[in-house]
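These notes are about the structure you will find just below.
Chain lettering (A, B, C and D) follows the sequence in which the chains are written, and residue indices restart at 1 in each chain.
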Amino acid sequence: MINGITLSYFIFLLPLLVFVINGLFVGNRSAKGAAAIAVIGNGIAAVCAILVAVDYFTSGMAPGKVIPYEFTFLPFAGFNANIGLLTDPLSMMMMVVVTFISFMVNIYSIGYMRKDRSAGRFFSLLSLFSFSMLGLVAATNLFQMFIFWELVGVSSYLLIGFWYHKPSAVSASKQAFILTRFADSFFLCGIVLVSYIVGSFDFSVINDLTLHDFYHTTINLGITTISQADALILGAVLIFIGGWGKSAMFPMHIWLPNAMEGPTPVSSIIHSATMVVAGVYLVARLFPFFAVCKGTLNIIMVVGAFTMVFAAVIACTQKDIKRILAYSTLSQLGYMMFALGVCSMGDVIVATGWTASTFHIFTHAFFKCSLFLIAGSVIHVVHTNDLDKMGGLWSKMPFTYWCCFICVLAISGIPPFSGFFSKDEIILAAFQGHHYVVFALALLTSGLTTFYMFRMFFLAFHGDPRSDLVRGHRIKEDFAMTLPIVVLAIPSFLGGYIAKGFFEHYFKPGSLHVPQLVKLEELPWLPYIAVAVALIALFIAWVCYCSPKAKISKALDETNRTRLYKTVYHKFYFDEMYYAVVRQFVFGGIARTARFIQDYIIEGLLAFVVKALHKMGDLVRFAQSGYMPFYLGTLIVGIIFWRIFGQLPL
Amino acid sequence: MTLMNCLILAFLLFGIGVWGLMRRRHLIGMLISIELMLNAANINFISFAYFSAKDSTAGALFSIFVIAVTACEMAIALAIIVNMYRRHHSLDADQLRDLHD
Amino acid sequence: MNFILPNFIIPDALLLLFPFIVIGSRLFCSYRSQIPWRIANIGFIAIFVLLNFIPLTNNVGKFFICNWKIDDFGVLIREVLMLSAMLGMWLSKDYFEHGADGKPQMHQIAEFTGAIAFATFGGFTIVSACDMLTFFLGLEIATIPMYALTAWNKKDQLGSEAATKYIMMGSVATAFELFGFSYLYGFSGSIYFNDIRMAVEASATHPLLWLSILFLFCGIGFKLTLFPFYTWAPDVYEGAPTPVTAVLSVTSKAAAIAFLVVLVFGPLAPVQEQMAPFIALLAGTTLFVGNLGALKQTRLRRFMAYSSIAQAGYIMIALLGPVEMARTAIIYYLFVYALSNYLAFFIFGIIGHHREETFDSLRGLSKQNPALAIALAVSMFSLAGIPPLAGFFGKFHLFFAGATTGHYALVAFAVLNNVVALYYYLQLIKSAWIDEPEDHLSPLRLTKRQRTIIVALTVAVVLLGVLPFLSNNIFGGFTF
Amino acid sequence: MDTLLFNVIWAIPLLAVAISVPIPSTHIKAIKLLHVISGTVVMGIIGYLTYRVYTMGAAPADPKAFPLLLRFFTDIPWLNSINAHYTVGADGLNILLLFLTSAIVWTGMLVSWNIKGNQKIFFALIQILATSVYGVFMSMDLVLFFVFYEMEALCMYLMIAGYGSGNKDYGGKKLTLTLAFGSSMILATLFGIYFQSGLDSWSIMALSRITLPMNFQMWAFPVMFMGFAVSSSLFPFHFWSPDGHSAAPTAVSMLAAGVMMKMGAYGCLRVAMFLMPEAAKIWLPYVVALLIFNVVLGPFIAIRHKDLKYITAYSSISHLGLIFLGLAALTPVGLRGASLQMISHGFLTGLFFATIGMIYERTHTRDITQMGGIMRKLPFLGVGFVIAGFAGLGLPGFSGFIAESNIFIGAFQQDSTITRFVTVLAILSITTTAVYILQTANRMLHGNMPAKYETLTDADLREKIVVVFLVLCLLIIGVCPGWIADMLDTSIAPIFDRIAAATATVVGG
């Protein structure tokens, strides 16, 4: 695949080039030029990605893992840290998704950023993000993954805080970065630990480990000494914590909703479609390793499942359209996460969950991205995120309306829309893994999903307009902003149906060192159940928010509500808890103690030494009284003194 | 009369000198005490020369030189003290306290 | 018998004649004439130059009428003393010329230089002595003119007080020395160093010997301002006129340390081991006390007094080392110390010309005359022993000598004391560099002589250490 | 030819000073230009020599320099009375540090172009300081090394006292005296080494060929190591750096934090650990324990501070703690990481202090609570500061990440309880670093801006050159670290071999 290789260079280099050119030269001069460069660059990158993917899948080497090229970045004693391109179905799929979506979002941003003075910076940062995201998905080893992992974190920070004069945006960006950084520190610990034991960063090496040869040797971890096998399991958990933070699983979820302070295109590409699935991608990438390390998959499953339900519940009460989407993203990520988790069935592995999860990554990317873009253009029109001010938009912006309808159906898992297939597979996998509780929760959550998505849909588009900006005026849908929505709606519509077979054929977690369960029971009735649940939820939503006798104002009023509702509405007061902990414990506790040690103990000791010297000096100067008899006395006393202390043999 | 007696005598003289030095506050008196101390040393020289030393001339020579040197030292001392008296109008050692820390 | 005057004696002879010529020349020329001054200049310079012609001969002493010994150490000490004498003379010239507040016009420059010459000759005598008598005389000749110089300003109240204190205590110290000498004489039965040395080798633990050592060290401890005999120094340094203080701090110290070197490595060499702890204690206590005393000083000359006390402590360390190293170190250090000290005193002289000689009158120096401020900083850093200035290498040699015989503890202690020393030298630099001056600064006037000398001294202090020829060639005489 | 060039490195600044002395202060522009040009020349020379060293690779060097792999080796008798030689030579480690120095000096001179006060003296002092640092990194003879090492004190106080801000006297004294204290510890042990070895030689190579008596090492190593560590602000001797930096003018902060603090770590590696490896093996684990303060608590203290320079000072303290973590790891990767951190932190903190100084020139305050939103008025400086911040928190793509990853991986390879423990803590504390850096950047650059800053103007060309240059240095190391790693590996190999060969057995002790 010579052709493919040369093309694949462009996939990475073009966004980087766009970043550099826009960032240094074009950006602050002409926003239009920057936009043009960005769109063209990312467009070509997307085309290249698709070509490479086609090349890969047609060349017959799929689903095999191939490393076309790899450079030594930094040699360590014994093992190297490389930078290269890993091609397998997963990375290919991610590349296509990332490049394609970033292309779409760039187009969208032309319209969205039209009035912004610093649009150039925006476009360059966006390209920086897609570059680092591509580097991440192409990673051949943990080191490269961590490098680009950090880079996506930073570009996300810069983009959330893009409007740095908005204090809320700034603090949100800070929170996002620090929280993910906190997770990354554990990730780094895991990398160091695992690479120390295994002696390599490469996924290929780490993925075909077996714990047998590590049980005998022990390793000293400073606090305790454990066998290397346990250390490996610990390492796996630590590495997962990295993904945990990046994918904003509970309880590290709070940064994602707050990150909605950023520009909407950013939310759509980074905080829904691509970056937040990096955590899932990490787990999927290291799946054989996790499968070998007993118990880690169960942790993943629990975390994912809980986040799914938790976020869905919160989403049902939110009024900020972007936050609703954010929480739905959380809940969808939860789906993907636990789908990977449910693969472990005791000691055997059921690989279907892996396939389902990756499939859901694919479908979710499209409809969620387009949903965000839709929210963006709605906000663009009504100048607020608040559902209070919306409603009745369906006639004003028909394209947006219909695309939104498609995407909402897709996320609710109504056939034949894409979401149905992937979600169906996930739930099935939960059942096949004999995790019935999770199975039930997943069904319930799909109901909740349908409910809150349609709640948003109805409140935003149906009913009569609640904002003067909508009332009366006729609104023109910006072409640059509508085109990507429409384009993205197509895969949200058909993507699942088309790609289902493709995924089932190519997407396998690869060779595992644990027994796999090959024959699985089918559940012919599952789709009907799922659809039924979804439809019921849809009906409830319709009754509450769209039917002629629904009291919208009452539904939207959160003040006089039950305590439970308020608790949910305030996201279970998690932000406040974080704030309190950080303020009281970190700043107040540790930092103040450290400062105290510095300012009083150390400086105090220093001052004491200086003072003592000065006191002795005063003594000497006191002796210098100018009183001659005393001086003469010192001569006499001096002789006696030295006679006594002079250590003379006398 | 042995060497020891002389040495003791010299030492006593020296001690008296020291005592006077400590005791007296009058500069001239102090000078006299210092003279006592110096001459105690002279007695040492002489007695050593007389009793023990190999070349006894050296001791005597030394003491003579000492007398001479002390004489001029005392001359300068007196000159300085006279000058001091012109400035301070007193010869009391306790008055000399303008210079101190 | 016919004898020819050997050439290596010429400088000494000249120096001996010098004061008579200079002072005598006053008889023949008018009150205000510059002739004595010129003669003084020519004489000192001539002697200094002649000294440099004496070849260094690996420490083989040459004798003149059997007990006037001239060896390399002697020659180099002579050079140090002559350097100090010249600088002191030049310093005093401009200091006394245009008398400002309280400082009288001085027309007896001839007598002044004569006195300095006498003191210097005393130093010469010390280093060329082969017997206790010459030794003692040398010490007295080196000291007595200092008493006179201290009281040079007849009108100055403080000066006379200082002189009184100085001479009273000095005489007591002399008495101690004499007592020590007498016991040494009694112990060895001879006044010749060689005999004494043999006697010491014979019976190293004789009480008389050690009694004399005690008395001698205490006596010389007074001149060298060792603990606790330093008490006169601050008062005298402050009371005496600045040039005298400078001469006092260099010449008499050099003479005293030369005295110790001759004594310790001459007659007492066999018992140097036993004396080591005593010397170490003297050194340690002295430098510690000196540093402590200087911490909070506000008057420049008193400050310099304490600093020189500390320096004396540092010098003592070298006495612990083997003879050649000790001599090299001490000579080298004396050179460096003389230069740095005179540099400081020249600046103080200029500052103190119209102002009090206190730290406050240094304020704003860096704005008013940056060059002078730099020179001050250089001299202070050199005294504090900061490389690459000469002071560091001086101290390095001293410590090197001390460490050779394994006195690491003392060396470490001294090195740590350097930090304290640096602190108070920085205090002085601070007042010159940071502190804002009062409303108006009285102008500083430098004569050409002062300017040239300050520049020369600064350059010397900077280069003396780093340029190897000094430690290699001049001190190449000492073989090791 | 190269050897000659190498030997004039430290002479050129002095030459420039000598030339500048007779020029009257009225032609101050000419003087400054002269100094900057000389700085550029030195940087050019060192850059060329770095390239030469890189091309020579691991080729055999002058046998007299065995076991070190020294290029441009020169050895001339200097002070016979104390057997001191003028011995200089370059291997990968110190040539890179030399380049760092020249770069920081050059940028420092550019930064302090408009400094208040007597500029002639200031630039001369910078040049002398540069000489001293060059000398330290070049010299392979302990006396020469110490002479240059101690020279810094001479300039530091004058620069801080004459040109600083705030509590200059206190800060300057604290800095100078603490450094002097450290070097006095070093001097004391130097004598010990000389006389214990009985070689009558101060040459590092000669001394490294023998093994010093164990019971001497046991007390000498900690004293000497701490003596060096003082200038690298290792706990508990770090207290000088915050006050010193806050009082110092920009260029001096850059030099102090960027270069002089490295001299200490370099000395620890090149002298203390190289000459006394046995004791090093025994003592270093305890040194690691001290790092808990530097690495873990330092950032927390930075969180509590409001003054930009204090924050940066504490960040330096924590970063230098990482250097010692790498040294104490006693593994090739760790040592390389430590050296990398020396270099990278030099550029990093240079950039930090440079941007801070430029911002301070405009806002006239360093209190971050007073500022806010100035990103709008000073986009360039803001971006510069943010880049410095990201490099500081170890963002991949900048040199900091390379160094830190080396240190972490290397330190984890050292199989000792305390080292592992501290390493884990250090890795976890990258979060704290992020906290104070982002907090600072947000308070200062983002949010809404006080009205008084409406008139601020962004960086001019001179300042832009400085910032861009430093950022480039950070990026080059960060993006292609391979070659620099090779250079360091070849030059660290002999040191590590000696440490590895050392069999640590306490005799008396």
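Assume contacts are C-beta pairs under 8 Å (C-beta built on N, C-alpha and C of every residue); 3 or more make two chains touch, one makes a residue touch a chain.
Not measured: the values here are computed from a predicted model.
The chains in contact with chain A and with chain B alike are C. Among the pairs A-D and A-C, the greater number of C-beta contacts is found at A-D. As a whole-number value, the distance joining the C-alpha centres of chain A and chain D reads 37 Å. Averaging Cα coordinates per chain places chain A and chain C 77 Å apart. Distance from the chain B centre to the chain C centre is 26 Å, each centre being the mean of its Cα atoms. Chain geometry summary: the mean Cα position of chain B and that of chain D are 64 Å apart.
Touching of two or more other chains is recorded for residues 621, 624, 626, 628, 632 of chain A.
Shown for chain C are the residues in touch with two or more other chains, namely 164-165, 168, 172, 234-235, 293.
Touching two or more other chains at once is no residue of chain D. Every residue of chain D that touches chain A in the complex is listed here, in rising order: 236, 239, 293, 297-298, 300-301, 303-305, 331-333, 373, 375-376, 379, 390, 393, 395-397, 401-402, 405-406, 408-410, 412-413, 415-424, 427-431, 434-435, 438-439, 442, 445-449, 481-482, 485-486.
Only residues 18, 21-22, 25, 30, 93-94, 96-101 of chain B touch chain A when the two sit together in their complex. Interface residues of chain D, counted against chain C in their complex, comprise 77-82, 118, 121, 143, 146-148, 150-151, 153-154, 157-158, 161-162, 168-169, 172-173, 176-177, 180-181, 184-185, 187-188, 191-192, 194-195.
Within the complex formed with chain B, the residues of chain A that make contact are 621-622, 624-629, 632-633, 636.
Interface residues of chain A, counted against chain C in their complex, comprise 613-614, 616-621, 623-624, 626, 628, 630-632, 634-635, 637-639, 641-643, 645-650.
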